[in-house]
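Below are two complexes that have subunit A in common, paired first with subunit B and then with subunit C.
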Partner chain A sequence: MAAKPRLAVFKFASCDGCQLTMLDCEDELLALGELLDIVHFLEASDRAEPGPYDVTLVEGSITTPDDAERIRHIRQQSRYLVTIGACATSGGIQALRNWADHEDFLKAVYASPQYIQSLATSTAIAEHVPVDFELRGCPIDKRQLLDVVQSLLHGRKPHTPSHSVCLDCKRRGTVCVMVAQGIPCLGPVTQSGCGALCPAYDRGCYGCFGPSVQPNLVSLTTQFHATGMATPDIVRGLRLFNAYAPEFRHESERLAGDRARECDAPTAIAEEVQS
Partner chain B sequence: MSDSTRTIKVAALSRVEGEGGMSVRLNGSEVEQVELRIFEPPRFFEAFLRGRSPHEVPDIVARICGICPVAYQMSAVHALERIVGVTITPEIRRLRRLLYCGEWIESHGLHMHLLHAPDFLGCESGLQVAERWPDEIRRGLKLKKYGNELLEVLGGRAIHPINVAVGGFHRMPRRDEFAKLIPSFEWGVEAAIAATRWVATFNFPDFEEDYDFVSVSHPDEYPLNEGHIVSSTGGTWTADEYESEFEEVHVPHSTALQAVRR
Partner chain C sequence: MSGPDTQTPVGASVFLSLSGLDDLIRSLKQSGYEVVGPTLRQGAICYDRIHAVQDLPRGWTDRQEPGHYRLERREDDACFGYVVGPQSWKQFLFPPMSTVSLAELSTDGWRVTANDGANEPRFAFLGVRACELAAIAIQDRVFQQAAYTDPIYAARRERALLIAVNCTQAAPTCFCESMHTGPRCSSGFDLALTELDDGFIVEVGSQRGATLIATVATVGVTDEQLQWAEERRSGARKQQRQMPRETARDTVLGNLQHPRWSEVAERCLSCTNCTQVCPTCFCSSVHEVTDLDMTRVERERVWDSCFNLEFSYMNGGAVRNSIRSRYRQWLTHKLGSWHEQFGTSGCVGCGRCITWCPVGIDLTEEVVALAGGST
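Let's look at the complex of A and B:
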């Protein structure tokens, strides 16, 4: 019998929720253990084997010099590297620092900021190393995770739709909260994946799965303005869990008239680590 | 004497939430110092919450932890409701407690079966425990799943629920959504007792220290959502007195602040 594919899970700056999605596959977990050799998954096991790995799942964003270095080693050891969740695919909520004064943030939280190693930016894994597949979501969806893992095992393309949440509302039979109730909703520009959850709970989508394909942000925010929403409220709405995803980022910057810090260049970080 | 001193370093602790390591310095067989090094990268929630609308706060703070988002959501809505002077109805209070129970059932199922049982049974993971105790792990996973189903009914989804709002819920759950959970929880009561009996057979080390344990306490119920702060050495404080009684200290080896009695 051929050896089972070796799976590794790594965490960067994140909340653990996307890794937990794997353990939330209560009905499938034992079967996954049969199919895969889980050789590195600190949240679930003492095994912490060195690479190479066949499939590596990466949760979290790059926010420290050490992590910028660590992801490169992980990439070298991985046949397929899949990023899971909004932190890994767009920098996460902690990317709000990209528009802020990093020193001020450090001082707001820590009595002794000099003890803290932190970059001025939080960035997606793909800004640092090549990524084979990005699985969106805050958190990711369990069915999509299982599909991605199975797809890699069978050498097929994952079935992860990139249409907007709007289509899922129509499918689900949810009356549009924006049209019927005037509730601002990011559904028209947000990628499907949650099952159009928020509108079904009488509230607007807040963009957990990041921008959909070719989203028309300008049109949507113009409509938000027309319904009486103030610019700062729209900017905050775009600056949540996928704030640094390019489409959301550009629109929030167009409206706010500010610019985020660019990703701390990987080469500069490498030099900082070496020195 | 330096030659009798040695340090045990654990680079990364496994089967815990978040990231940390540990160093234990021994002099002979005496433990001299223990350091818990939390190297979880800072994410600055306290900083970027400034200037946010109160309505955004429950969604944002959930992201502090994917394993216990409800804990953060509940603390946030309680704080915000006190600030703006909102009193919730007894029905909302009961539903919030139920949501919290869903998280506890899920989280306890996870911790007991997948995170902690391996330590007691000499296994590397819950999957390895399942090779020898398949029925116990299956039962634990089912309990965990039912906790998640309760979270889904009340919160919309299990990780980062979307239904918690200042003042209550975005949408009240429907009776039929609860009704379909009843058979699971009728099974769950028996299963939880059986799981507890199984865990009670584990070999717990006989280790007592002179700790001062601090917790929340409520006169009538298990204090999930509210209560007084109490200490095992006899102190009782309100939540408002937290800052005058406790201090959050920043130590060089950890990105997590350490709360200590003043």
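Let's look at the complex of A and C:
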């Protein structure tokens, strides 16, 4: 029998919640172990084998020069590299630093900031290395994770729709919280994936799965304004877990009138590491 | 109590008290029906399983505007004193998710079981409005055209019992009168109720309805009650919106390059809400769900929408690659090419797409604008 495909899981700047989703696959975990050889998954086991890997799942964003180098090494060792979660696919909540001065944060948080080496930006993995598939969510959805792993094993297209959360609300019979309760909701511009969780509990969508395909942000924020929401509140709503995702970022900058720092080019980071 | 031998004939009416309605619901449940009717949920009137009159939204009404819906208290205790909510009966006849077939691998190879509808539930719908009867008649044509009958829809539809309710008020978003689909329930029901202060005038619409109403206590109707019912129903004819029914088809199909399509696309979120709340929209997609060891494959059908980019994906890319082209596709199909396909308009004038659009796009306004404001 041929050797099982080797799976590795790596973490960058993140909360570990997306890796945990893998362990949340309680009913499927044993079957997954039958299909794959999990050779590097530090949250679950101290087994930490070197590459190469057939499938590598990467959680977290790039926030330090060391990590910018480490992801290049992981990419070299990986046949398929799949990024998982909002941090890895858009920079995460920590990308809020992209609109601020990270030196100020270092001074405020650390007694001796001179020992801290960090980048001025928090950016998605795909800004640094080629990525084979980006799985969205904060955290990712377990069914989608299983589907992506299966699709790689069987050589088919993953089933991760790019439509809005609204369609999921309607499928599960949730009443639109925006229309019936006047609650601001990012559902119309956010990609499906969570199963439309928050509106089912009378809360607006927070945009955890990032922008849906071709989202009409201007129309939605115009409607937020019309229903009495103040611009700073709309900007805060867009600057959450996927703040630096291009469509959310551009709309929040249009409204706030500011600009985020651009990601340092990988070559510039590499030079910085070498110096 | 009228016995089976003295059944109220089809076309005739009787009076049913409020407690009689409770008995009717109980009688339906005893006959094995899942009774679905209006209930309060999440700030709206939704169709859900009901067990008694007390589950109905008594004393509540709805206030609707484009992109806006709120529940309000009525001054009376009416059971059906609202218009239409976010859901339609489509939810039950054409469920949002259904298993079309199942394939299982055993030592003998793959065994495929198609869903032939044999195990689909038996519903009794309480509170079907005239526009919704029209919508069901349209979906009957969509799903039951001879060679292309959908077994899941057909089974649910054949078993369903329809208890209609005549509207006694209209929302500002209603325009059934201009579409000739209401507000009076004229056909397609088993029983049709008109609510009075102390009960209901019940019109018998089918033999099945006649048999059902004979299971509960009713009394004859007086001329005065019929007069009151007529006055109540006339309240639903005061409609603010209208669709230019005669010209809408030519307007949408004859103005494919009108600048208005670009203007509406600036507002349209392409979020799919209008198509999901529409009682006639029927788009779906089918995909396979496999278990990890690849021995069980379920073929699932889920509601989909022409507003999704992926919905028009074909070899080489998406055919409708802009919100403008997707909105145009929806409206030209609904009001235009639906006629060629199914022999009627696809719109019944219920106004749901206006109310439940998060940014309040109004298709009646769009049609007028596309006609150059001259309709």
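The rule we apply is simple: the second predicted complex is superposed on the first by the 275 of 275 C-alpha atoms of A that agree within 3 Å, B and C clash if a C-alpha of one lies under 4 Å from a C-alpha of the other, contacts with A are read in each partner's own complex, and residues count from 1 in each chain.
Methods note: a contact is a pair of C-beta atoms (placed from the backbone, for glycine too) under 8 Å apart; a residue touches a chain by one contact, two chains touch by 3 or more.
The structure presented is a predicted model; accordingly, all values stated were derived computationally and were not measured.
Asker: Judging by the criteria at the top, classify the pair subunit B and subunit C on subunit A as clash or fit.
Answerer: After superposition on subunit A, which the two structures share, subunit B sits beside subunit C with no clash.
Asker: Just to be sure I read the superposition right, which of the two partners does A:Ala180 touch: subunit B = first, subunit C = second, or both, or neither?
Answerer: Once the two structures are laid over each other on A, A:Ala180 reaches subunit C alone.
Asker: When the shared chain A is used to line up the two structures, what angle, as a multiple of 10 degrees, is there at the CA centre of subunit A toward subunit B and subunit C?
Answerer: 100
Asker: Name the contact category of A:Leu23: first (subunit B only), second (subunit C only), both, or neither.
Answerer: So A:Leu23 only meets subunit B here.
Asker: For A:Asp202 in the superposed arrangement: first (subunit B), second (subunit C), both or neither?
Answerer: Both: A:Asp202 reaches subunit B and subunit C.
Asker: Looking at A:Phe105, would you say it contacts subunit B, subunit C, both, or neither? Reply first, second, both or neither.
Answerer: first
Asker: Who does A:Cys15 touch here: subunit B (first), subunit C (second), both, or neither?
Answerer: Once the two structures are laid over each other on A, A:Cys15 reaches subunit B alone.
Asker: Please indicate which partner A:Gln150 is in contact with in the superposed arrangement: first for subunit B, second for subunit C, both, or neither.
Answerer: second
Asker: Among the partners subunit B and subunit C, which is in contact with a greater number of residues of subunit A?
Answerer: Here the partner covering more residues of subunit A is B.
Asker: Kindly classify A:Arg47 by the partners it touches after superposition: subunit B alone (first), subunit C alone (second), both, or neither?
Answerer: first
Asker: Touching A:Pro161 in the superposition: subunit B (first), subunit C (second), both, neither?
Answerer: In the superposition, A:Pro161 contacts subunit C only.
Asker: Once both complexes sit on top of each other, what is the least C-alpha distance from subunit B to subunit C, rounded to whole angstrom?
Answerer: The answer is 10 Å, the least C-alpha separation in the overlay.
Asker: Share the list of subunit A residues that count as touching for subunit B in one structure and for subunit C in the other.
Answerer: In the superposed arrangement, which is not itself an observed complex, subunit A uses residues 202 for both subunit B and subunit C.
Asker: In the complex, go through subunit A and note every residue touching subunit B.
Answerer: For this pair, the touching residues of subunit A are 11-21, 23-24, 26-27, 29-30, 33, 38, 41-48, 60, 63-64, 67, 92-94, 96-97, 100, 104-106, 108-112, 115-116, 118, 122, 138-139, 194, 197-198, 200-203, 206, 208, 233, 236, 240-241.
Asker: Would you tell me which residues of subunit B are touching subunit A in their complex?
Answerer: On the subunit B side, the touching residues are 12-19, 40-48, 50, 52-53, 56, 59-60, 63-67, 69, 110, 114-115, 118, 124-128, 130, 134, 137-138, 141-142, 144-145, 148, 156-160, 162-163, 170-171, 249-252, 255, 257.
Asker: Please name which positions on subunit A make contact with subunit C in the complex.
Answerer: So the residues of subunit A in touch with subunit C come to 28, 31-32, 34-35, 146, 150, 154, 159, 161-164, 166-167, 170-181, 185, 187-189, 202, 213-216, 218-220, 222-223.
Asker: Given the complex with subunit A, which residues does subunit C contribute to the contact?
Answerer: The touching residues are 41-44, 46, 67-71, 85-87, 91, 96-97, 266-273, 276-277, 287, 290-294, 302-305, 308-310, 322-323, 355-360.
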